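Okay, so subunit A shows up in both of these, paired with subunit B first and subunit C after.
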Partner chain A sequence: MTATRNHASVTSEGVAPARGESGYMAAAFTPRVLAGAFGLVAVVVLAGEAWAQLNSGAGQAGIMTTLWKWTPLILFGPKGEFGGFVLNIVVSFLAMAIGTISGLVLGLGLISKFGPVRSVAWAITQFFRNSPWLVLLFFVMLLTPFQIRILGLSIPLPAWLKATVGLALPIMANIAEIVRGAVNSIPTGQWESAESLAFSRLQTLWRIILPQCVKRMIPPWMNWYAILTMATPLISIVGVNDAMTLTQDALASEQRTDLLMPMYALLLLFFFVYCYPIARWTIRLERKYAVRI
Partner chain B sequence: MEGLWDFLRSLHDAYGINLVHFYDTFERGRMLRGMWTSIKLAAVCIVLSVLIGILGAWLQGSRFKVLKAVVQGYIQFFRNTPPLVQMYFFYFALGPQMPRVVNEYGISQPMLGSFEWAVISLSFFAGAFNIEIFRSGVEAVQRSTVEAAESLGFNRWQIYRYVVLPLAVRVCLPALNNNLVNLIKTTTQAYAIAVPETLFVASQIWSDRINVFEMMVTLLTFYLLLVGIFVWLMTRLERSLRVPGFGQ
Partner chain C sequence: MRRLMGVLAIGVVAALMGSTAAKADQLAEIKKKGTLIVGVKTDYPPWGMRDASGNIVGMEPDMAADVAKRLGVKLELVSVVSSNRMQFLQQGKIDLMIATMSDTPERRKVVGIVDPVYYASGVAILANKKANIKGAGDLKGKPVCALQGAFYNNELQSKYTGTDLVAFKGIPEAEQALLDGRCVGFVYDDVVLVWKKAQDKKWEAFDVVALPEWKPVPWGLAVKTEELSGPWGKFMAETTKDWLKSGTLLALEKKWVGSNTQWLIDASAAAKK
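Here is the complex of A and B:
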């Protein structure tokens, strides 16, 4: 843990002092946490195994074997199809990308000098921030067509793509708030000195203010990414083949009550293993970038 | 009221704006019941999750390492897994393990229904966040205040109950407010385990009456109102609890 490698991200204030950072993964997956996570699953599996021993006769595959059999399906989806946990991750990436770009535009609308733009941006932000995710998801799924026609060319809109847009909407509104907050946290002196150097408002924003905002926006942005990833199973409700749907399919085809707990625990573990390091990393960055008074 | 319903009915006949869930007595009845279920669900979950938060924050200050580790494990697990999967885990995996009871019609049914499981899973989910929020408030209370209470002979629980918590609550109210709003929005997930709350009832109505758009607008308005009223109440609470000498 005493690597002397400089931090990879070069900041505007120069390189941060080299701290013992041999990659966040090593730090996030401390042996204790890993042991805890796997211990939890082991307990659930063993309990299930014992339960199965008590309740069923011979001729059934063990819990571990069965879980192992279904793991590839839940992770990567059916052969030749797009689905499973990979789909959850792809949806989260895409929704985050769409949400970030549109949120940036909306956030700049929130700090606009032009009143009407500001009010419209405010209304949009409040609307999407305060609506339940699932309702927005239904809204997009049911009220957009399954294909669009442009110049006689019909482009199909697959369900997962529509679901991605549905998840991107609340992200957009929250990113907009983050942008507004970050811009407001930059000292007024920066604006004034840029003005005295004859920068236009657009130039000031683009070349002076926003570059300084990036650093403070990263921790909350990552936080929202984790929240988004944990919201992706919602798309199973509107009929997308994600890890949640496939887990339920696997359970339906096995027809075994002793599998219920281990299967759901496995799915919870997938998400935990993906989201926990992100959460730890976010806390580290938050500490590192904290404004010290 | 009749006049309004007639007007809405004429709106349907003239413009095709189908607000059947207002003017039809049956649909109105089930939609109002759904809204009431949502409000009940949100209220019960808010109370339980705040209690979990208060208790958890107290346990985190405990001297026993094992107890602290258990609370920490609970927080990390519920914060870093999807609430929907948690709800499924509770309802589909833990639900069948519960003993069955015989209801008044002589039919055997699970001890806990979908509403109860939704309450349990949502409270645990929001509770995990509340513990962290209350802990941040507890940490903001000055050490000297606690020492003063100690010197007056308060025991650990009394200090928490009468000195630390009242101050901590005031510090963490904005963060708590945020999390509880999130909880209200997350109650829609109870749809997935067929709790007859607003979204569930709305989906039934739009399947029967094919008025998806009108239903969606009603739904979104309902949730905006619900969240709006809650935020207004919390702001009033915040103002009435304000400690003189802090802030502007």
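Here is the complex of A and C:
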């Protein structure tokens, strides 16, 4: 069984690059993978169902019914509010956007010719790369006010937005490192040729070096996106209504131990279905953009 | 560019001043903005929980709705957890906190806990009727279920049972042991036990017996510290007094918990005098 499975996955990976860009979703969700993911959840649910039968008896709704009842809330959040799994995705997008833009600036700071800029950029990068995400989150949550007043106008800063900034900080530092690494990986010949053609440093960087970096940066960048998305349940600890918080609320409201495993399995499935294709796509792009010597 | 910087600097200064300017009267401000924002729990049924469509319901949300009704403003409920409820209040994110918070001297230093308190949880035992337990004195030598780490465990064992407690990590396990007859009763917070008994038929053969040996821990609703002696704090103190006097809290407890606790019956009677 194991041997067959290994063989099959190798084959599907081997086949994937041959397909076109558009075929990627199909390639990621091979029937085997889907069957595996849903099978895992089904096993957990069925085990829970059996456990419930043994332990309680009549008067309780079935596990599937209960999961189904809470699914809309966990996916889309309370009515009229911004929350649920949708919030996790929006937070991941925004944090990635903020982290990428600021990371690019910071990364260019890391390769600056001007010493002080380099040192400051280095210090910032090291600090945010080596701090626990949760601690950074708490810092941002507690240090910023819940609303700011500018010229009599009070602008609310919702908790999810603060959490987004908190998650963007470590992303920024890691993207900066990716930028630095990518620029350094371009052969020095490129710099020398550009110089001989009278390009300024800025022109060289912007027109010659960075365009070549982009495709090298995409796979690690996507990798960080997947890591970030999977880290978004952290924001539940700082009081944001994300999918994790709502799952816990649902569990508290149901007061049933037999729901623990199935409920968390469902949450896991949401994240898996979202992140797995990204992981597959990353592998594909890595292979495609691999530097051939 | 320089002018732009100047404008930005003024903006920043204004922002700082705005955020530090003391609010004179929160009660007036709530009425002005037309919305009362109350922090309640969503993980503590039946005091605060979510229904399947995501609405926050429970005894405390109902209390919050009553405050909004008295003020004639709209109600907005914010979900809080134990770790952030006091910060939300002090930061001004919520106007009022009704979030199952025990009243302790340490907490009184941080937030303005309104007197009188609206609720209290004591210690009780959910005991098998057959064991005929009327109080802590009847527990001698009997197997008693409890949760690991509860503050009364030590005293319960040394003073009353004299034998090892059957201690569990979680409530469901302790309940199961009680149903299986591995112990004569389960010692826990009285309010939760009263609720459980009212909620489920499987507890028909069991009684909730109060253990007044341990003093009830009061639950307080809170406003910002600096508002406690102001109009807002006074308004909430009056409201709580009225809740006790008029039996509002007894009715809400009956509705959500299923039956009334001794503390609330006594407190309501005392308020009437």
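Everything below uses one rule, namely that the second predicted complex is superposed on the first by the 271 of 293 C-alpha atoms of A that agree within 3 Å, B and C clash if a C-alpha of one lies under 4 Å from a C-alpha of the other, contacts with A are read in each partner's own complex, and residues count from 1 in each chain.
Going forward, a contact is a pair of C-beta atoms (placed from the backbone, for glycine too) under 8 Å apart; a residue touches a chain by one contact, two chains touch by 3 or more.
Computed from a predicted structure; not experimentally measured.
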Look at A:W122 in the shared chain and tell me whether it touches subunit B only, subunit C only, both, or neither; answer first, second, both or neither.
neither
Looking at the overlay, what does A:S253 touch: subunit B (first), subunit C (second), both, or neither?
second
Would you check which partner chain A:F199 touches, where first means subunit B only, second means subunit C only, and both and neither mean what they say?
neither
Just checking: does A:L142 make contact with subunit B only, subunit C only, both, or neither of them? Give me first, second, both or neither.
both
Determine, under the contact definition given at the top, whether A:K79 touches first (subunit B), second (subunit C), both, or neither.
second
Who does A:A231 touch here: subunit B (first), subunit C (second), both, or neither?
first
Report for A:G152: first if it touches subunit B alone, second if subunit C alone, otherwise both or neither.
second
Pick one for A:N241: touches subunit B only (first), subunit C only (second), both, or neither.
second
Subunit A contact set shared between subunit B and subunit C covers 142, 237, 248, 257
In the complex, subunit A residues that touch subunit B:
33, 36, 40, 127, 130-135, 138-139, 142-143, 226, 229-234, 236-237, 244, 248, 257, 260-261, 263-265, 267-268, 271-272, 275-276, 279
Looking at the complex, which residues from subunit A come into contact with subunit C?
55, 59, 69-70, 72-73, 77-79, 81, 83, 142, 145-152, 154, 237-239, 241, 245-246, 248-250, 252-253, 255-257
Quick check: in the complex, which residue numbers of subunit C touch subunit A?
11, 14-15, 17-19, 42-45, 49-56, 79-81, 83-84, 87-88, 91-93, 170, 172, 176, 201
Once bound in the complex, which stretches of subunit B touch subunit A?
73, 76-77, 79-86, 88-89, 92-94, 96-97, 181, 185-189, 191-192, 199, 203, 206, 212-213, 216, 219-220, 223-224, 227-228
